[in-house]
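What follows are several structures.
Note that chain A is present in both complexes that follow, paired respectively with chain B and with chain C.
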Partner chain A sequence: MSASSRLSLGRLALNGAAGLALLYILLPLVFVTWLAFFRQEIPSFPPEGYSVKWFTAAANNQPFINGFLLSLQVGVAATLLGLLVGVPASLALVRHRIVLGPLFNTLLLLPLVMPGIVLGTAIYVFQIETEIATGLPVMGSQGGLIGAHTLVVIPWVVRLVTASLVGFDRTIEEAAQNLGAGPFTTFRRVTLPSIRPGIVAAGLFGFVTSFGNLEMSLFLVGPGRTTLPIAILQYLEWKIDPTVAAASLIQIVLIAVAMIVTDRYVKLSRVV
Partner chain B sequence: MSTAPEPVAGARTGLAGLLVMPATLFVAIGLLGPIAILFRYSLNQFIPGQFMVDGLTIENYVKFFTDAYYLNVLARTVKVAVICTVACLIMGFPLAYVLARTQSRFKNLLIISVVLPLFVGNAVRAAGWMTAFGSRGALNASLMGLGVIDQPLEIMYTENAVLIGIIAVNLPFMVLTLQSVIEGIPRNVEEAAFSLGAGPAAMFRRVLWPLALPGILAGTILTFILAMNAYATPVLLGGPKFQMMGPLVYGQFAQQNNWPFGGAISFILMTATIVLTVAAHLIVQRRYR
Partner chain C sequence: MARLSIEHLRKTYGDLTVVDDVTIDIADGEFLVLLGPSGCGKTTTLRMVAGFIAPSAGTIAIGERSVTTLPPWKRNCGLVFQSYALFPHMTVAENVAFGLEMRKISPADRAPRVAEALRLVQLTGFDERYPRQLSGGQQQRVALARALAMEPDVLLLDEPLSNLDAKLRQEVRVEIRDLQRKLGLTTIMVTHDQEEALTMADRLVVMEKGKVRQIGTQRELYEKPADRFVAGFIGRSAFLDGEITAPGRFRTKGGVEIGCAAAIGTGAATLALRPERIAVAGEAQGLHNHFQARVEHASYLGAILDIDVSLSGSDRMLLQIPNKAGIAEPKPGETITIGWAEDAGLVYPREA
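And then the complex of A and B:
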């Protein structure tokens, strides 16, 4: 065998191994999608036929609807809050030599690597103590949930906005100021438009992270008030059928659309 | 009248501090505060019937490390985490390499297919495996249809199901971490190795692996932490008998209402996380200063 054919054989094996790994990652989503279109309720293969009736069933399932609405509200609120505090922080961290800057940066990214179970238990006991100290009904409240979700949104904002600032040419800002623009005008007319892709990506990633959060939220939801991932988990602990698969598929499609939209603004391969 | 151009960084550090403070305070209070309280709780006593009693005792930690049941759960969790991490590294490297080196116009689509499952959530992905692994699920039905087996395999509620599930959950993290590091390695060094007569295996072992080592360590740590803390996958695919640390913590909080002991277990998990992360950072820094 010649050297070049051996090399192309190696390339084939490499691509094959890569393809298998990708298939393995996507396989569970393929099965969920398949099950969502079964005609019969029991997930036995091969299916007796296909139907779209389970999407109606999922859309009429009260826990799923309530979970979806709560996840949506919490996700939007947490994303907005995360952007509100995260964007200025990223600007300051990239632009200025702040005392302890690297430490702040590490701290802001910390919630991303903190295991969800630990975050959930820690925030749960924090809410107990806050409720005891202030008398406010924090535990199981929507506000408490939003606060916790903001915590996991902030790292994404800092990470993505920082990344979009790194390639930014500061001389453009100096030019604007030479031409008479004040600091605020410079920010609004020059800086903001050029980091907008980063902010959009941060918003979408933050939202998706919040929307899909399971482990942390598990400790923070109140009775009769659950997020969509928890509603799906609780349903699955009881049984698996096409209804829950249909609900999952709706979620998969929404997230896929969000990601493809994000990718138009910021190449995902550069930020994740 | 025009404002004077802003002087170089340094003059406005007061403003910069003001910008960075809200987020930093939020994370400091919302993350470090809770962890401090959790630690304090783990030193309290739990007396059945009386709930939590303020105290200063290490009995919760002693209870964990002296009870064979809990030690078994910890050992099983570590075992699962190690197997999953090694499997993720072996399966993830080829995919990460191909993604990093590809010139394909579908590169972004490939990246999205790796990232999408991450955001879909663990419960949904576990649902996919539940569909496949049931006694009349896709896997058993195909194997029986092909005549490979007569009786359906018992996969659901076994360690294998949990392993398959967690590897699938963690593989994207490993792939993305490795990919970003491999992209930073110039292709020239690979070509130089080849032109000097190295075969693919020698090139991998002597060039690619050492250069990618920081990424390999980062990915390994990340997947290990995630596997140690897995919750939805062991609950749904392992069932109630297959206990791991994550579900154990949740059970102590939600079912037993034993906050001190739950806090101690949670703290043991987190300490393992931090110790591993710091240790790996030190190793990487020492090698690549």
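And then the complex of A and C:
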């Protein structure tokens, strides 16, 4: 066997493995998409026919609409707060030798690896205790939910912004200062544009994480105030018609569009 | 433009002294080169002038203005970085305009000055390009234009040519020098490249281990090196270790007696000779110092011949003779007569 055919054989195996993995990831999405267009109420194969009525049903489902709006508000607020905390934290961790720096870094990344149930329980207990101690209506409030979601956004911000800061050439900051820019102007005009891809990616991934969060939010939502994933879960407890598939598909499309649009301005593939 | 005075400048990190009592006066419009091996403190000195490193002691003044404690953005020193440090997200024009923008100059007034700076570095028409679309040489010019556009009091060059290939380096060297003369810029350049330093400087400062070893013109450094380090660092020297036995008498380790014009007293010493000042054969006969030397090694280098000889078992030295027509290349093992004038030998106390 010649060297070139061995090479192409290896390439074939690699491509095959990659294709298989891709299929494994995409298959559930394919089924959800397919299911959303089934005509019958109880999903069964083969479909009896196709219809778009479930999309109308999903779009007119009041709990879904309320859930979507709440998830959107919480997601945006948590993302902004997460950036506000995460960007300065990353700057401090990368730029300065901080006592126990690695420990802080780990702490900031911890919510990412903590199971949502554990995080939810912990915050739930914390909120109850806070309410008892201070008398403030924390439990089940939107503020409490946003606070908890900020916690799951921060790891994304710290990870992505830290990564873009590590590869950042600081002599261009010196160049700006040499040309007459003070520290704030230097940050705004030189540092920020250079780490912007990292910040945008962090915001996007943070938002998606918050938007899709189910386990933690289950503990923290108040009566009549549910996020979209919880609304979907509650719907599923009573019915299994394709409305849920339709709602999920809408959500998938929205996120995909957000990513594609973002990628046109900031190459996400470069930072993530 | 202005003169620059650096007085008793010192930088220490804990017990480590990086710059040790450096005093340099640079005249208005002068091109001064800080030259030395890596780690000699030349870059630290430059960065202290730019304001990126706070001196541990000493003062820096530009004209009558003391800048010792000013932050970098208030110093008005144009610095060209070794890596150029162009802003990657800005066009060439935006890069060059940045310094003007920081000085609150209106966009309308900026445009002609940017155009002029780009014309000076022959980059007219490159305004809208981004740094990544330029070659290394072009990026270097943008960095220079950016520093010039803000009309700095002092121009600082940190190894500006080290990232260019050899041919381009020769050209840019001349261009920078012409531009500096034309604009009358007070300039400090840092380099470890001796040839670059010698071709560009009005005056040179040789530094080693944080200290200034000598300040002078090329001729002064070459012909009257202040110490053994400078004699070895600027150009080539043949060194013979030995001692001064009496005024004007030097005896090598191997016992060869040499007459010299020594300015130092008796004791351990080193005699330094420029290889081209050593005469060979007939020309050596009439000189006060002439010896029979054994050829150890000869290298044919085109314009000159490098010859390694030994005066005695433990005294070896290098000499260079011009490659004249009909000259015979000495063979290893041959004995030749070499000689030099008494004042050609420079004597330094032996350094511990």
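Throughout what follows, the second predicted complex is superposed on the first by the 240 of 272 C-alpha atoms of A that agree within 3 Å, B and C clash if a C-alpha of one lies under 4 Å from a C-alpha of the other, contacts with A are read in each partner's own complex, and residues count from 1 in each chain.
Going forward, contacts are C-beta pairs under 8 Å (C-beta built on N, C-alpha and C of every residue); 3 or more make two chains touch, one makes a residue touch a chain.
Predicted model only: the values in this text are computed from it and were never measured.
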*Does chain B (first) or chain C (second) touch A:163, or do both, or does neither?*
neither
*Contacts of A:22 with chain B and chain C, given as first, second, both or neither*: first
*Touched partner set for A:190, first chain B, second chain C, both or neither*: second
*asked:* Taking the superposition on A as described, I'd like to know which of chain B and chain C A:182 touches: first, second, both or neither.
replied: both
*Determine, for the superposed model, which of the two partners chain B and chain C contacts more residues of chain A.*
B
*State whether A:138 touches chain B only (first), chain C only (second), both chains, or neither.*
neither
*Examine A:115 and indicate which partner it touches, taking first as chain B and second as chain C; both and neither are also allowed.*
first
*Have a look at where A:171 lands relative to chain B and chain C in the superposition and call it first, second, both or neither.*
second
*Of the two partner chains, chain B (first) and chain C (second), which one does A:96 touch, if any: first, second, both, or neither?*
first
*Using the superposition described at the top, list the residues of chain A that contact chain B and also contact chain C.*
174, 177-178, 180-182
*Where on chain A is chain B touching in the complex?*
7, 10, 14-15, 17-18, 20-22, 24-32, 34-35, 42-46, 84-86, 88-89, 91-93, 95-99, 101, 104, 107-108, 110-111, 113-119, 121-126, 129, 147-148, 150-151, 154, 158, 173-174, 177-178, 180-183, 208-209, 212, 214-215, 218-219, 229, 232-233, 236-237, 240, 244-245, 248, 251-252, 255-256, 259-260, 263, 267-269, 272
*State the interface residues of chain A toward chain C in the complex, per the touch definition above.*
169, 171-172, 174-182, 185, 189-190, 193-194
*Quick one: which bits of chain C touch chain A in the complex? Just the residue numbers, please.*
50-52, 71-79, 81, 83, 85-89, 98-99, 102-103, 146-147, 150
_Contacting residues of chain B [partner chain A, same complex]_ = 2-3, 5-6, 9-10, 12-13, 15-17, 19-20, 22-24, 26-28, 30-31, 33-35, 37-38, 41, 91-92, 94-95, 97-99, 107-108, 110-117, 119-132, 134, 136-138, 140-142, 167-168, 171-172, 175-176, 179, 200, 222, 225-226, 228-229, 231-232, 235-236, 245-246, 249-250, 253-254, 259, 262-263, 266, 269-270, 273, 277
